[in-house]
Amino acid sequence: TSTQLSPAATPPANPELVLATTTSTQDSGLLDVLIPMFEKQTGYRVKPIAVGSGQAMAMGERGEADVLLAHAPDSEVKFMAGGHGVDRKLVMHNDFVLVGPGGDPAGIAGLTVAKEAFTKIAGSKSLFVSRGDNSGTDQWEKKLWREAGITAKGQPWYLETGQGMGLTLNVASEKAAYTMTDRGTYLAMRQHLHLDILTEGDKSLLNVYHIIVVNPNKSDRINHAGAQALSAFMVSPGAQQVIGEFGIAKFGQPLFFPDAGKPE
Amino acid sequence: MSQPIIEGHDLQVVFGGRKVLDVPYLAVEQGEVLVIVGPNGSGKSTLLQVLALLLPAAGRLTFAGEAVNTRPDKSGLHFRRRMAVVFQEPLLLDTSVRENVATGLKLRGTRGHDLERRISLWLERFGIAHLAARSPRTLSGGEAQRVSLARAFVVEPEVLLLDEPFASLDLPTRYALMGDLKSVLARTSTTVVLVTHDRDEALALADRVGVMLSGRLAQIDRTEAVFRSPASEEVAAFIGVENVLRGKVASQQGGLAWVVVEGRILEAVSELAPDTPVLACVRPEDITLSLRRAGETTSARNRLAGHVARIDDRGSQWRVVVDCGFPLVVLITRQSGHEMGLAPGSEVAVAFKATAAHLIPRA
Amino acid sequence: MDLVWDGIAQAFWLLVRGDRETYQVILRSTQVSGMATVLSVLVGVPLGTLLGLSRFPGRNVLIALVNMGMGLPPVVVGLLVVITLWRSGPLGGLHMLYTPQAMIAAQFVLAFPLVTAFTLASVQQLNPKLRTQILALGASRWQMLLLLLREARLPLLAAVMAGFGAVISEVGASLMVGGNIRGLTNVLTTDIVSATGRGDFARAIALGIILLALVYAASLAITTIQQRTRPS
Amino acid sequence: MDLVWDGIAQAFWLLVRGDRETYQVILRSTQVSGMATVLSVLVGVPLGTLLGLSRFPGRNVLIALVNMGMGLPPVVVGLLVVITLWRSGPLGGLHMLYTPQAMIAAQFVLAFPLVTAFTLASVQQLNPKLRTQILALGASRWQMLLLLLREARLPLLAAVMAGFGAVISEVGASLMVGGNIRGLTNVLTTDIVSATGRGDFARAIALGIILLALVYAASLAITTIQQRTRPS
Amino acid sequence: MSQPIIEGHDLQVVFGGRKVLDVPYLAVEQGEVLVIVGPNGSGKSTLLQVLALLLPAAGRLTFAGEAVNTRPDKSGLHFRRRMAVVFQEPLLLDTSVRENVATGLKLRGTRGHDLERRISLWLERFGIAHLAARSPRTLSGGEAQRVSLARAFVVEPEVLLLDEPFASLDLPTRYALMGDLKSVLARTSTTVVLVTHDRDEALALADRVGVMLSGRLAQIDRTEAVFRSPASEEVAAFIGVENVLRGKVASQQGGLAWVVVEGRILEAVSELAPDTPVLACVRPEDITLSLRRAGETTSARNRLAGHVARIDDRGSQWRVVVDCGFPLVVLITRQSGHEMGLAPGSEVAVAFKATAAHLIPRA
């Protein structure tokens, strides 16, 4: 397979490449597998900076990153429309789940429609912890509330941490509250949490990752060639195969599903 | 005599493996002035600190009959508050002069008018009222010493422990304070233990004098007794008996002994038996010196002929070394030295009374 | 650097407009860190004095522990406090996690070694004869401690400032044990982190500037006291 | 609390197994923070001495700034260093962002106010007559400074420890400036954060324990020097 | 006379709004011993620090003819290294005794064998060789003072500035050191400015004496001159001329003046014109005292009859106040006091020479 590609014949002129990536890909360990592969194949040296999707795009806008790996489709579309990016490719997805205390005071267990679950939580005024950090996950959650026609922000039962998924899960667990999380982080932390998966499987809970090449006009210091190479690599069959197999060994199920070339 | 106010048994302090203090017995009598003298490093300050319950020592200590712990712990607080100490080095607190003087009283709970009155009184007495608001860091050496004194006297304690209290004071002040101290002590029944290097201070103030040598109280007795009859050669040397002559008692009768020193006969008041080897001590200031015509001799006992070997100028006094077979040190006033026109080589006669020669048996 | 100017402008507006949330966060930061500092002074000053003045076996190990305490990583402290306060943890019953009280506890753990170490160093530098002098003046043990501390007040005020500065600017532990819950446990530093995370750099800088101003005000107050008490 | 035991066990195995990555991270933490501490001592000690000894207008403002420096939030420092080192920033041309050098710079900014404030406090507590005495012995200005610092060595060692402790345990700035890039800029604290983020608490605790051990070793060394130089 | 080694013009120091030092002119001659005496807080230590270039003062200062900056800055280093100072309070560095003594030499770049030799030599001379490895914190007061002295002497400077250097030393050591100092100074050409409260020290060591009163050098002159002819009432009082009698010159002839004091005539050596109001100063130790049969009178000039009003014990001396129309203070040895059986009320005669009475014109 393509993983056996020989190293690049000539090292690139500017090998340094800054990748602003979501924390979930970094924390799950996926990048720890993919990036060495890429570096070996191409001779680039990638600096993966794990930040929320919000900060990742802010860095892109300022030309501080060469390439972004994000999962906030609405912002990404705006980002592209603003001319900040030149190339955006679908890489993979995983899914969000709604988790909550075993007691399930809002009664959302078994529901498969996220909107219904959100309505019930709001109706029962059960505690809900939001990341509130403008990350991909956070933006997705906000969108679901909007679609359910609920103004959650500012309600006494709606808490925002402004932090990453790990901390937010902990807070939810301790407060016996509901929250929305990506499956990977939940699986990794499951054994310390008093939270169960209650709602899953809705199409609206799909968490889609794109790789975006930043507009090289942003700054004359942008490594455009490297960005394009990484973008190409992420959708290459070799990388896609690794993505599909990642996590099976540890959790018995994959954490990500390769999507390269699929329609949006 | 009434009960001693402080009594110590077998007091010992060891520093770095060396016995710095070793006092089998010491009693400080109620109301007396006990002056401790001794060479540098002999343990005087150490003794004072032990008596002040500030330095743990082996041994037993009683204060007005009550046993006290020599460790400076809580049990000693009650006794410490009945004493006051002036340390050799005035260590003032980083606050105003007035606050420094107030501290001891405040710690004892004195408040209000009484406090103010006593502070003002003692600031006045030590001539530092104008410095009340100053920081101790800006004081001159003598001014700091006065604050240190005021700080101790203001608590009007039963026992005052003073470590060279007048060291950096100017002479007029020193004399005035010594006079004041005497009258204060006469009025109150304050007990004083005072360490000093000033022989005149000791003579003027002391009821008793203790001579400290290498951590031991080599002699402790009434002032006159110590200065007239030092207990050993070392004590004699330290308290300024510079003439210590090796001799042997030739005969003795009715308390008067004749001693042979270097072939000359001296008369001394003593009960020592004939043939006892002795040291004859004569204080330089007890010897009179007069000019002698060249060649004139004298046969009178305790009247010796000699010539001036050396003259040391000691300010208002001259220290004259007379060679009369053996060297004899004589102190004369600068005045009379000038009058006699004394110079090295001058032919002189020296004389002293039988009571001025003190015999110590030697081993 | 445009970001910095944006931040300064925004900080100005946040304060002038009287943004209620901003003021709340400032108040909470001050309260939590102030309380933690007070507690560390209450524990650290006596402890430091004790370590500075007495000799006992194991004293050096204790001093090393205190010095180590200055290097306690806030995240590790946060983690340990979290584990302790978890429902499954030994103090889970207190329901203290994600409350300002928990933050005070964590910040106290961070600040008191600093206060202790500063106190220790400054008490040790005092002339050892000073203790004897104070005892001789008739001081009880406690009176002596108070007088000694008055003598060492200069470095002690520095200790208070170091403690306060360390905790008010600290983020790792506050985040972990407080959870940065808006309106409940978010403080300036945790808000800065979340603004940064959102990519809202200007707001992050604005809050940072407000925090700096707060610390500067505190330090100016302390410096003034400190330098006034010492005539040149 | 089982997590803590797991952590201890894991820490033990990480060290005993000789896990190369762990050792690398320990080494990098030590190097980065050690270098930052050395730099802050080189700047902070002379600065603190100067502030402690001379009088000049604006001195109090400067002292307040130093005291404020002790409360510099690492995240704010990190942010400012990041903005400066950004490609678009004034020092972008240096390509220093996300390198250990950048971390040293940020940590230096955090540590040197601590070192300066400690130095200031301890120099001020010296007997002011000591300077005169030392000058009288024939010392030049520099010789005087060195002798004064020797007199104040006890609190100065505490200052070094405080500086080192502050930066080796700091995470906010290191994360922002270094980016926690594995094999390049990840240090113990940033690894702890990322392990916590992954929910790998046992590893977080293991690394925390290693960090504590490292700090304790340093503080034991410093404490020993500190206490040995002062006969009782 | 050769060029002064230190010369000061208009030296002034102001502390807290008060002029603490105000010296229009001062010259310290090469090789002399200049002793400064004066009450506490009069500015002696301040003067010493100004001379040592350690305290900025208004005015001009030259060192061996070269102008120096009175600010203690870099330019003064070269000159500071040619001097050594012993401060009133020995402030030792927190290192070993040996290191303390070594510091001055090391700062001047002395190394190796020469360093070791000199350190050992001076440790030995001050009797502190056995303390070499000790921390200064463990020293006794006198031991610390010796280290402070050794630290200054070891650099063998051109100028020694000593502020009460012998204050806490025991008497035998003090005398020994004073003797040593004299011989050392005689050998080398070291210049010494010495502050002391000890009158005997001043008399024994000084070539010249300066009397400091409230920041001013009220008199500076050869030792004998100062003690014999104080320039003002204040100086007289301070240096211990306790008898300052208000009178008026009645007549004068050939340098001998007759002064009327309280109806009695005194003879004094003086050139002052008749009718000048004067103060007649007579030092207590220049007056002789003898017993007088009750009722016996004397008409001889400068020989006055009176009775003992009061006796103060000053150790080896008695201070006797004789009432002879006006109070006259006389110092006699304890010895002769005892011999005469002197007591308050005793009828006595006092006498002094015309040369012992010194006249100061008064305003």
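Brief remarks follow.
Order of writing sets the labels: A, B, C, D and E. Residues in every chain begin at 1.
The rule is simple: a contact is a pair of C-beta atoms (placed from the backbone, for glycine too) under 8 Å apart; a residue touches a chain by one contact, two chains touch by 3 or more.
Only a predicted model underlies this, so the values are computations on that prediction, with no experimental measurement involved.
With steps allowed only between chains in touch, the distance from chain D over to chain E comes to 1.
Using mean Cα coordinates as chain centres, the one most removed from chain B is A.
Each chain gets one centre point, the mean of its Cα atoms, and the points for chain C and chain E are 58 Å apart.
Centre to centre, using the average C-alpha position, chain A and chain B are separated by 91 Å. Of all residues in chain B, those touching 2 or more other chains are 89, 137-138, listed in ascending order. For chain D, the set of residues touching two or more other chains reads 3, 196, 201, 230.
Residue positions of chain A with contacts to 2 or more other chains are 164, 167.
A complete list of chain pairs in contact reads A-C, A-D, B-C, B-E, C-D, D-E. If you check the complex, the residues on chain D that touch chain E are 127, 129-130, 132-141, 143, 147, 150-151, 230-231.
The residues of chain A lying in touch with chain D in their complex are 16, 18, 23, 26-29, 32, 47-50, 62-64, 164-167, 169, 185, 188-190, 192, 219, 221-222. The residues of chain B lying in touch with chain C in their complex are 49, 52, 54-55, 72, 74, 77, 80-81, 84-85, 87, 89, 91, 93-95, 103-104, 107-108, 135, 137-138, 151, 155. Within the complex, the chain D residues that touch chain A are 3, 86-88, 92, 95, 98, 179-182, 184, 194, 196-201.
Across the interface of their complex, chain E is touched by residues 15-16, 38-41, 45, 88-89, 134, 138-143, 145-146, 163-164, 167-175, 179, 197-204, 237-238, 240, 285-286, 312-317, 333-335 of chain B.
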